[in-house]
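Per-chain numbering from 1; labels A, B and C assigned in written order.
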Amino acid sequence: MNTLSLSNVNVNLGESAVLRSVNLDVPPGSLVAIVGPSGCGKTTLLRTIAGLQRARSGDIRLGQRMLTTHGLHLAPEKRQIGWVPQDAALFPHLTVAENVAFGLGARGGAAGDSRSLRKRSHDARVTELLALVGLESLADRSPAQLSGGQAQRVALARALAVSPQLVLLDEPFAALDPVLRAELRIEVRALLRTQGVTGILVTHDQSEALSVADYVAVMNEGEILQFGTPPSVYGRPATPWVAHFVGDAVVLPGMWSHGSVSSALGNASSEWVSTLPAPADGVTVSLMVRPEQLVVAVGEDHGAPATVNSVSYTGHDAVLGLVLDDGTVCESRVTAAGLLSAGTRVTVQIAGTCLAYPV
Amino acid sequence: MATRRAPRPLVVLAVVACAITSIPLLYLVVRVGSSGLDELTMALGRQRIPQLLGNTVALATAVTISCVALGVPTAFLLTRTRLRATTLWVIVAALPLAIPSYLAAYGWLAAIPTMNGFIAAWFVLTLVCVPYITLPVAAALRVATSGLDDVARTLGYGPVRSFLLGTWPQIRPATLAGSLLVCLYVLSEFGAVALLRYPVLTTAINQAYGSSFNRNYAAILATVLVALAVLVVIAEQSARGRAKRRFTAGSGVVRHSVIRLGRWAPASYSLVAIVPLLAVGMPVGVLFYRLLQAETLRELNVTELLAATANTLALSIGGAVIAVVLALPIGVLAARYSGRIVRVIESVGYLALGLPGIVVGLSLVFFSLAVVPALYQTAIVLAFAYGVLFMPKAIGAIRSSLGQVPTSLEDVSRTLGYSTSQTWWLVTARVARPGILAGALLVAVTAMKELPATLLLRPTGTDTLAVELWSRTSASAYGAAAPYAAVLIVVAAIPAFFLSGARRAATEDTA
Amino acid sequence: MVLGISGCSTSGQSEVTSGAPIASDGRLTIYVGRAEDLISPLIDQFTADTGIEVSARYAATPELNALLLEEGENTPAQVFLSQDAGALGSLRNSGLLTALPATLTSLIPAGFTSVDGTWLGVTGRARVIAYDSEKLTAAQVPDSVDELTSADWKGQVAFAPGNASMQSFVTALRVLEGEDAASAWVGGMSENSPVLTESNNATLDLVNAGTVKVGLINHYYWYEKATEIGASNMRAQLKFLPGDAGGIVNVTGAAIMTGSDGDPDALAFLEYLVSEKGQRYFVDTTYEYPLLPGIDAPAGLPSLSSLINAGLDLSDLDTLSQTQALLARYGLI
């Protein structure tokens, strides 16, 4: 199987640089999620990989084949990369089955096949794919009669019909309700795995990325800030910005001293995260902890005194907004058992190791 | 959407199409160029010119405004309210397209002989032009959403204001496109205003050909018309703005609320019925009356009638095909790309629509004799003339229907293995087909009624229904003219029927 | 239907060229600036009598004139049958007509045909006043157009200022009564709230509907309309103006295009038009005046000789352009 790799890809739209020196290596058979805020360039990145957008410089390689390099831009129709856009984009003048079969017409069949033989093999493929997405009964419907989720499934089936090596999905679940979204992403994940197809999924929903992808690439302003497995991106974000974007983060100023940081929340053992060498003692650093690392207790002496400011209840847990006595604001994630009401006086402590970054 | 630069082959095609439709303009340049400076100043300095200019501008403005004032509410009633027998009303609304303006004027004049001047011309031209607004606005309303209106209502705005805030921006491009056609049509119109004795620039142009036999003078005046047309086209483009409507190919039917009429019902039905009734009912009624009045009911030569009908159909279809072929590159360019070149190409494409038919006809005589003399006075040149004359009518429909094809469809097609041209043919053109067809139908229905260019360019002995009608009415043989007028209206009603989108309306879910 | 252009190109003023006569090819292409209903039976008769096949193109004279000017020497037309002399004059001035043999042109009396033999008068139409017979008696209608500038006729006179025969009437006025008198008349009319129309037919319709009391038209249109709706139903009636400039006779005419110089088929057609048979056709069918001496005018019309046409070259375009300048000066065109 093949990997996709991008080296130093730069893309300009008009005058502005949208992708700056992007490097990406996608292992075969994996599902990579690209997350980032709106306007960070993730859709452009996807379009560049598909060949729908020209790169100003850089190389894009898919397995053995060079797709984009200096002096070469392989047209999209030659790249054999599947594309599932945000709005499903089903052809309104074709039925569901015809939509799925659309790409098969371009490939033709093996040399020497008669027309009817080709048609039968195409029909078989269409039926197979519709069965895979659970929509065989809708084969003759027109796209206007489908729901959002059904349309996305058809779009995926259509992209897979031509057996691509790589499928690109541009925020495919954005228009769906949360329950459907959760179901569908698991289905898509499973489908890609069984078909042995590598996938790249673009989303602005970081929890979606973390839950479904094998690897996560975090993008901002045209650059990939971090690439790694979900636990590594969540557990060891490369910068405070990434920490804020992927999950919730509490970031405070603190003072570094021999592998621990002292801050308004007290002392905590800390890991230095940066390409720069660890600082000398006494230097101010940024301390990052996850809300679930802040332990809240009532009626105890250890920890920083604080007042509960707000309670955000989600059923399986709650996020308590806290204000420390010195004015610092932070939040703690507690289970339902630890639910407190606003105004309660508590003490806050950090559990586990936190991360320190340059200011 | 990223600003993509238009691909060169497309621009070249569009420029070629534009150049072809600029043949009348080139002709004017040649004629004006061959007149001396004194001739120019003398021509433009005639005492009557300011009056004619003022009249032309006043009439064009007034007719455009009244057409919008009648057309938009009618379109609204047809698509957003619970009218009984909607399909029927939709067809009826399109019928005035089948009536040549000179026939409408003639009918009204016969009923009210004292009718003349500005009010009369305004009245009659409005009647025949309202469908140019009603049809595209109705089409736009069918795909527009009323969700924004609802939001405005919750914010405290009344129903009318909410409509202006929510729905109007979605139908504004269609309204503007229709207004452009109406305005240019009034500029070029001669037959009806001549009968109604309202002097405009075309009056002087025709007089110049008719008595002074001075083609240069006529060309100078026609150039003034072109200048007016340029202003109108620029105005429409700037009003349309740079906003390109992008609709997503979402699943599900576009939902908009449908209004019950209640006590507004009688007024609503009246509004929807009145224009077609006056535009079609009156001329048809008068024709029959004249038929009965004619002492010498001349024998109807059925072969002649059938031949004329066949010619009318063949030539107008040929003209429609040529018009669409010319309009496609320009429409694609205007739908997908922006930039000054695009705007200029589109504008120039529209200008010929503001010229009277006799000028366009003569320009093609000049051109075909110079370039393809073997084809002179053949059906090909005449169909070509129709294409050149009426191509601008197709541009608007093509541009908006192409603009509504989401680019994501094209992206998908490319990634599935189809090249750009294959994608264009299999996906874009296919999805935009209804709009392209509408453009063709609009050209066909107009070509059926065309007279001056036809008289000049038709193969000797080949007559269309409009020519036969004219030759009889100009000899006061109204009785003999009536069957031709009747058949012309019936034949022209066919594309009008298809343009009304009645079949689509009938199958629509307006729940 | 493209005619092979022969090698010789002559200007309108020269004699018929000597050299080998052109053979008849049994076919003729004509442009007819008159109604098809009226002329095609005559053409059919011509074909029946001579065996020459005719391809006829019908349109209004102004459009055909513009067309012929635009086509120039590449025109497929061999003969042009025009509704007025002005069109013929403009073609002659552009060198597109060929001189006709004297044997042909001498058939029509001077004053009703071209002065230089470039075109042939065929029929005559008198300028008349059409009046609303329900509001006026014949006696109340003036004998001269001069009276129409008075206040009694304010807003009640209709005419088509752009029409060729109207303009040739004004030319006649200038020639017969002098520039000053003509200027005074045009000025007077323009201040008398004239009702301006685009054609003689429209003028007649207005009188027939009672919208105006009088209209200036050619007599022929009344008969055309009467044939359609019946003479007894015509509210408008005609008054001829013998001896007045307002009653002059305009002519319809025919000419041969330069490319067909000497073509016997073309000559045969023109001969037919002014033959007894042809002239009688016009008398019976169109109620126009025959120009061939010896043929009786249609019943009920004053004789041709009583209507002025003294020394006027109806096709003289130089005077015509001065007439137009006059009309333009008073804002009528």
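The definition used in the following text is that contacts are C-beta pairs under 8 Å (C-beta built on N, C-alpha and C of every residue); 3 or more make two chains touch, one makes a residue touch a chain.
What you see is a predicted model, and the numbers here were worked out from it, not measured in a lab.
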What kind of graph do the touching chains make: line, ring, star, complete, other? line
Argmin over chains of |mean CA - global mean CA| returns B
Centre-to-centre distance between subunit B and subunit A (centres being mean Cα positions), rounded to whole Å: 52
For subunit A and subunit C, what's the span in angstrom between their mean Cα positions? 88
Approximate Å spacing (C-alpha centroids) for the pair subunit B, subunit C: 37
Which part of subunit A faces subunit B closely enough to touch in the complex? 13-14, 47, 50-53, 75-83, 85-93, 102-103, 106-107, 143-148, 150-151, 155, 158-159, 162, 175
Within their complex, state which residues of subunit B touch subunit C. 46-48, 51, 109, 113-114, 194-195, 197, 199, 203-204, 206-207, 209-213, 215, 218, 293-296, 298, 358, 362, 365-366, 369, 373-374, 376-377, 452, 455-456, 459-461, 471-472, 474-480
Using the touch rule from the top, collect the residues of subunit B that touch subunit A in their complex. 2-3, 248-253, 406, 408-409, 411-419, 422, 427, 430-431, 433
The subunit C residues in contact with subunit B across the complex are 1-2, 29, 35-38, 55-63, 65-67, 69-72, 74, 76, 86-87, 90, 161-164, 167, 195-199, 201-202, 205-206, 209-211, 221, 224-225, 227-230, 233, 317, 320-321, 324, 328-333
